[in-house]
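Consider the two complexes below, in which chain A is the common component and chain B and chain C are the respective partners.
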Partner chain A sequence: MEKRVTFKGWLLPLLLIAPQVIISAIFFFYPAGQAIWQSLFIPDPFGLSMQYVGLGNFEYLLSDPYYRTSFLTTAIFSTLVTLCSMIPALFLAVVADRLIKGAGVYRTMLIWPYAVAPAIAGVLWLFMFNTRVGVVSWYLGHLGYDWNHVLNGGEAMGLVVVASAWGRISYNFLFFFAALQAIPKSVIEAAAIDGARFWRRFWTIVLPLLSPTTFFLLVVNIVYAFFETFGVIHTITSGGPQQSTTILVYKVFSDGFVGQDLGSSAAQSVILLVVVGALTVFQFKFVERRVHY
Partner chain B sequence: MTHRSDPPPGMVEKRGAGLWLSHVMMICGVLIVFFPIWLAFVASTVTQPEIVQPPMPLWPGDQFFNNYREALLSGVNVPVATMLLNSLIMAMGIAIGKIIISLLSAFAIVYFKFPGKMIFFWLIFLTLMLPVEVRIVPTYEVIAGFGMLNSYGGLILPLIASATATFLFRQFFMTVPDELAEAARVDGASPMRFFWDILFPMSRTNIAALFVILFIYGWNQYLWPLLITTDPEMNTIVMGIKQMFPSGDDVANWPVIMATSILAMIPPVIVVISMQKLFVRGLVDSEK
Partner chain C sequence: MKNLTTGALIAASTMLSPFAAMAETEVQFWHAFTGRLGELVAAQVEEFNASQDEFTVVASHKGNYSETLNAGIAAFRAGEQPQILMVFEVGTATMMSAEGAVRSVTEVMEASGAEFDPDAYIGAVNGYYTSTDGEMLSLPFNASTPVLWVNRDAFEAAGVDPDTDLSTWQNVGEALTALQEGGSTCPLTTAWQSWIHLENFSAYHDVPFATQDNGFAGVDTELAFNGPAQVAHISAMGEWAADGKFFYAGRRNEGGANFRAGECALFTESSAGYAGIKAEAEFPFDVRPLPYWDGVGNSPQNTIIGGASLWVMEGHEAAEYEGAAQFLAYLSSSDVQAKWHQDTGYLPITNAAADATRAAGFYEENLGTEVAVIQMTTNEPTANSKGLRLGSFDQIRGIIDEELEAVWSGDKDAQTALDSAVERGNGLLRRFEQANR
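After this line comes the complex of A and B, so read on.
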């Protein structure tokens, strides 16, 4: 794609593009290059010299049971976050779509948890389930269930999943609702006149027409669960108990900044880089289809 | 399963009992989504003893002004007012900085032919792929090397080094009719004159929509401020809340922490609600 009409000169455009190029070079390309470079070395314990180990850091990581567990944890976590945020959002969007009056009001009321930072969402849910003062854990205790996410890995995972999915419902609702509103009413009415009941219409017409949006949201939510939920995990569990909620991004942080294991942390960054790259390519493939709904 | 014997239902929109059921379901959904925030608000208006003796009340108490005054003016480590100001500077810096550099570079890419143009374009495009979370350790070293720890520059600059906005403005500029640039050239207007008098005013809606998204993005940052602001005076409010929890077995000051949580949500929520149309538009645009 090129503009037919362009201005003359080469100095001005270089000046115009310079701020972006300089900032990207210093704060993006150089650090990304460093991550790749450092992943090939092991620093000595005093940080004075670096020993070249080739792909040693990667080999070590992939055979490290903790890292493998973290991969599995991330897979479980992002699957659950995606499901727990998309299914309620789709349900609410379908119900709201059938209302003529009030749908806009509900949309306004459902939109704004999107603005709540993941870290704040973490604090809110931590407060509700706090083992000492939490309201929900107190009522659970009275029902005979002893809630303790500080000791129980499964409960810790459940809590970070719900806290991460909560704010995301708004976002997914917005996209599902817009997609539903874009389905021509005549298609639905034609099916209704032919005698198709709600569920049949939903499975055979609405859901297939929503599939581009659904694919798009799947990818976006997985990316969200991978990278943007750090705040939730750091505020609620700090990766524990026994690393049961240590997702990959959290491990980059804890190995790199808390454990000071720079080679391993850099190698983990590079692996994540590959994961993001794959997800981005995947997303771009589906973007083309999404535009048509 | 086709129920052909039934009369045509024609109930694409619900009526009667079904309509009420739909409203009840929506209200339940809204209430469930709303509950954590309600609880935080209630906790920010009661006294500490009321919270540490569970169950806490579910209706606001009378300590609203006391708790918020304590949070804003003294906080736990640092007054929340200071953290609010830091967050505001960071969010505005990221939003405005990113919009300015993106407008300029998109203008250069679309309206000029210059050596190396495609290389620059693809280099910028590459930055779309890597969130700051992935390159934290080396980026931290760069910032430390520049002596930019605990500075606004250190908070802002690494987060504007991505090209989402550039890409959006490029897409928009491509849809601007060629005749406008042609006319400007015939009239002898300089490129910058064309940019200021024609292109910039035409982009206003896109700029505003992007501003909403970037402001929230900047305000809600957690990991980056956590790493580079070791001085409590430079903490942003979103990352500062975690620092308000005591480390040992001490009981957290819940009313003040919850008041801080509410204060931390207010600015982005106001932005979302008051600019809802722009927000939805920005969200849809920036994900394309």
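After this line comes the complex of A and C, so read on.
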């Protein structure tokens, strides 16, 4: 039975939802409306004049093969970042959950990387993999592998994925760890008494019980990979070589704030809005079905 | 309460005491220099402020060249623009077409009666910042041109004579082979690949980089750097990259670290690399003219400049323009310019500064520092070597970088890559034309 509360009159309910509505209006609907409006124009950088071009900005973008490739790059990048940040986090959480001594220290150490700002994390990884002075690339060189992410697109992609996922592992770890602690010990013990071994218990009991957390993290991590990673990409590769690490949001940033092409940048934001909207609807409609609350 | 107010008043008056009783007019100056260059700019500002008590120039660092330009544009949109903004040469077309956002330097100087003579600047510099009607729009500040840096120790270690003639790319090609055979792992590296190996390359060989006199004659310009001369050069560089004779380190001046550490034998980089190389290199080095392909185009013509100029922005009080004019006049005086040139390796942008430096015997003491000056000024600039004036040029450079990387990694041949860069760049030029119609 659902509980229903009935309000007398309209004033109170309106007042109660007002903060949320106002915040959404100011921080979402107004900027989104502005982006849609701006995407119909080619303005000059100083905002002195605007040329109405209708859907010209969209036409220009979609006829650019590099822009179309950028969708694929974004899909690969966000899938890899999500996997690389969630799987190790789950593994670490499971291992930390079994610890009896020193769990606190272990946990604190694992959370540390989350405190590092994305751009700084980018610089850190860039130093380690610098083609000439980097520690890691130096060792790779000794093993006979010639690391050069400046020219090799695959290596560049690997580097930005690792740098973006690294700090995120801590965040995911926190959620997984909390969710594991919330699983009643009695369920696990009952399974153990029935003779289920660790991995069997993990697959059939722990993982399904973690599914709400996993789903939440999936949504949050994809949003992260889409929108919050451009600091890392900017410091490590600037989208290169040959746009192999130019994800959609990085192109919005570089065309708008480096190239001062605000019309194209606004049109890209609109496209991105549609893509992320569709993705979120998809996740809630199809992936959430497999989630047990 | 009374004590607190008195205390605050005393504190305020102590803070103000070094200044004259009358309030001084502040002039904001946004620039892009850090490190040694930042210190030198700060010293110039301090000297100007101390020399008079009517105006105070406040210099602020706003990030790298692109970031400084973007900060200026964002500030203009918000109505918070500085009086003086430093803009790199790549942003020149953007600034020139922003009528209503910038005020021409000639106009500012004339209104204030400050000393200013556009003809005092060397031709290649003057031409870059002068409108088609012959009005100088911004004040040239720091200008450099690419040269060839030679690590003499690396040559000797590989058993190659460091005094070998490196004036042509033909000779350089032979030297690279000899260096590699002698064990060098990095015979050649470069900074700013588009600026040096396409923009300057085109000017130096007197072939067009873009139509309409490289954009000087109108915004309906199209890129033209996929001609046979450029394709041949990029092809050769691509082969050197494949053979391990040319090491590509990155889009900006990343290669500088490798050269200064002594790993690379040859380095094509701005003449303004002088300050850094002199400070860090633990080996004897030479500065040579940028090589050219013998028999291609009209080589060697002259190279073009990179660097920045100072733009005066609209929307300020008359007194502030007066202050800006005084400061700009101070900066362009020949003493300040000569010192700047000698400290940094940037070109002496006025003829007087070049003469003063020569008279002081600086070139004899610092061999090679004059190479850049000679390379730029020996020949009168042609339509192909006056400079570049292209909209959205920062983005076009990004496109060129991408396509060149495809050549260095062997993904594309030079012709395909340059054709693609031209096509994609033209798309941006058409958008710029549309925005500034």
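In this section, the second predicted complex is superposed on the first by the 234 of 293 C-alpha atoms of A that agree within 3 Å, B and C clash if a C-alpha of one lies under 4 Å from a C-alpha of the other, contacts with A are read in each partner's own complex, and residues count from 1 in each chain.
Everything below uses one rule, namely that a contact is a pair of C-beta atoms (placed from the backbone, for glycine too) under 8 Å apart; a residue touches a chain by one contact, two chains touch by 3 or more.
Keep in mind the model is a prediction, meaning the values are calculated, not measured.
**Student:** Just chain B (first), just chain C (second), both, or neither: which does A:F257 touch?
**Tutor:** both
**Student:** In the superposed arrangement, which partner chain does A:Y66 touch: chain B (first), chain C (second), both, or neither?
**Tutor:** second
**Student:** Between chain B (first) and chain C (second), which, if any, makes contact with A:F58: first, second, both or neither?
**Tutor:** neither
**Student:** Given the superposition on chain A, which partner contacts more residues in chain A: chain B or chain C?
**Tutor:** Comparing touch counts on chain A for chain B and chain C gives B.
**Student:** Which partner does A:F282 reach: the first (chain B), the second (chain C), both, or neither?
**Tutor:** It touches nothing on chain B or chain C.
**Student:** Quick one: is A:F215 in contact with chain B, with chain C, with both, or with neither? Answer first, second, both or neither.
**Tutor:** Neither: A:F215 stays clear of chain B and chain C.
**Student:** Taking the superposition as given, does A:P43 touch the first partner, chain B, the second, chain C, both, or neither?
**Tutor:** Second partner only, chain C.
**Student:** Name the contact category of A:R132: first (chain B only), second (chain C only), both, or neither.
**Tutor:** In the superposed model, A:R132 contacts both chain B and chain C.
**Student:** Please identify the positions on chain A that touch both chain B and chain C, taking each partner from its own complex.
**Tutor:** Dual-contact residues (chain A): 132-133, 257.
**Student:** Quick one: in the complex, what on chain A touches chain C?
**Tutor:** 42-49, 51, 53, 60, 64, 66, 131-133, 150-152, 238, 240-243, 254-255, 257-261, 263-264
**Student:** Could you please specify the touching residues of chain A with respect to chain B in the complex?
**Tutor:** Residues in contact with chain B: 1, 3-7, 9-10, 12-14, 16-17, 19-21, 23-24, 26-32, 34-35, 38, 88, 91-92, 95-96, 98-100, 102, 106, 108-121, 123-125, 127-128, 132-135, 138-139, 166, 169-171, 174-175, 178, 185, 188-189, 192-198, 200, 216, 220, 227-228, 230-231, 234-235, 249, 252-253, 256-257, 262, 265-266, 269, 272-273, 276-277, 280, 287, 291.
**Student:** Which of the residues in chain C come into contact with chain A in the complex?
**Tutor:** On the chain C side, the touching residues are 66, 70, 73, 76-77, 94, 97-101, 248-251, 254, 257-258, 261, 263, 392, 394-395, 398, 401-403, 405-406, 408-409, 411, 424, 427-428, 431, 434-437.
**Student:** Given the complex with chain A, which residues does chain B contribute to the contact?
**Tutor:** 1-4, 6, 8-14, 19, 22-23, 25-26, 29-30, 33-34, 36-37, 39-40, 43, 51-52, 54-56, 58, 100-102, 104-105, 107-115, 117, 120, 123-124, 127-131, 133-142, 157-158, 160-163, 166, 174, 178, 181-182, 185, 191-192, 194, 216, 219-220, 222-223, 226-227, 238-239, 241-242, 251, 254, 257-258, 261, 264-265, 268-269, 271-273, 276, 279-280, 283-284, 287-288
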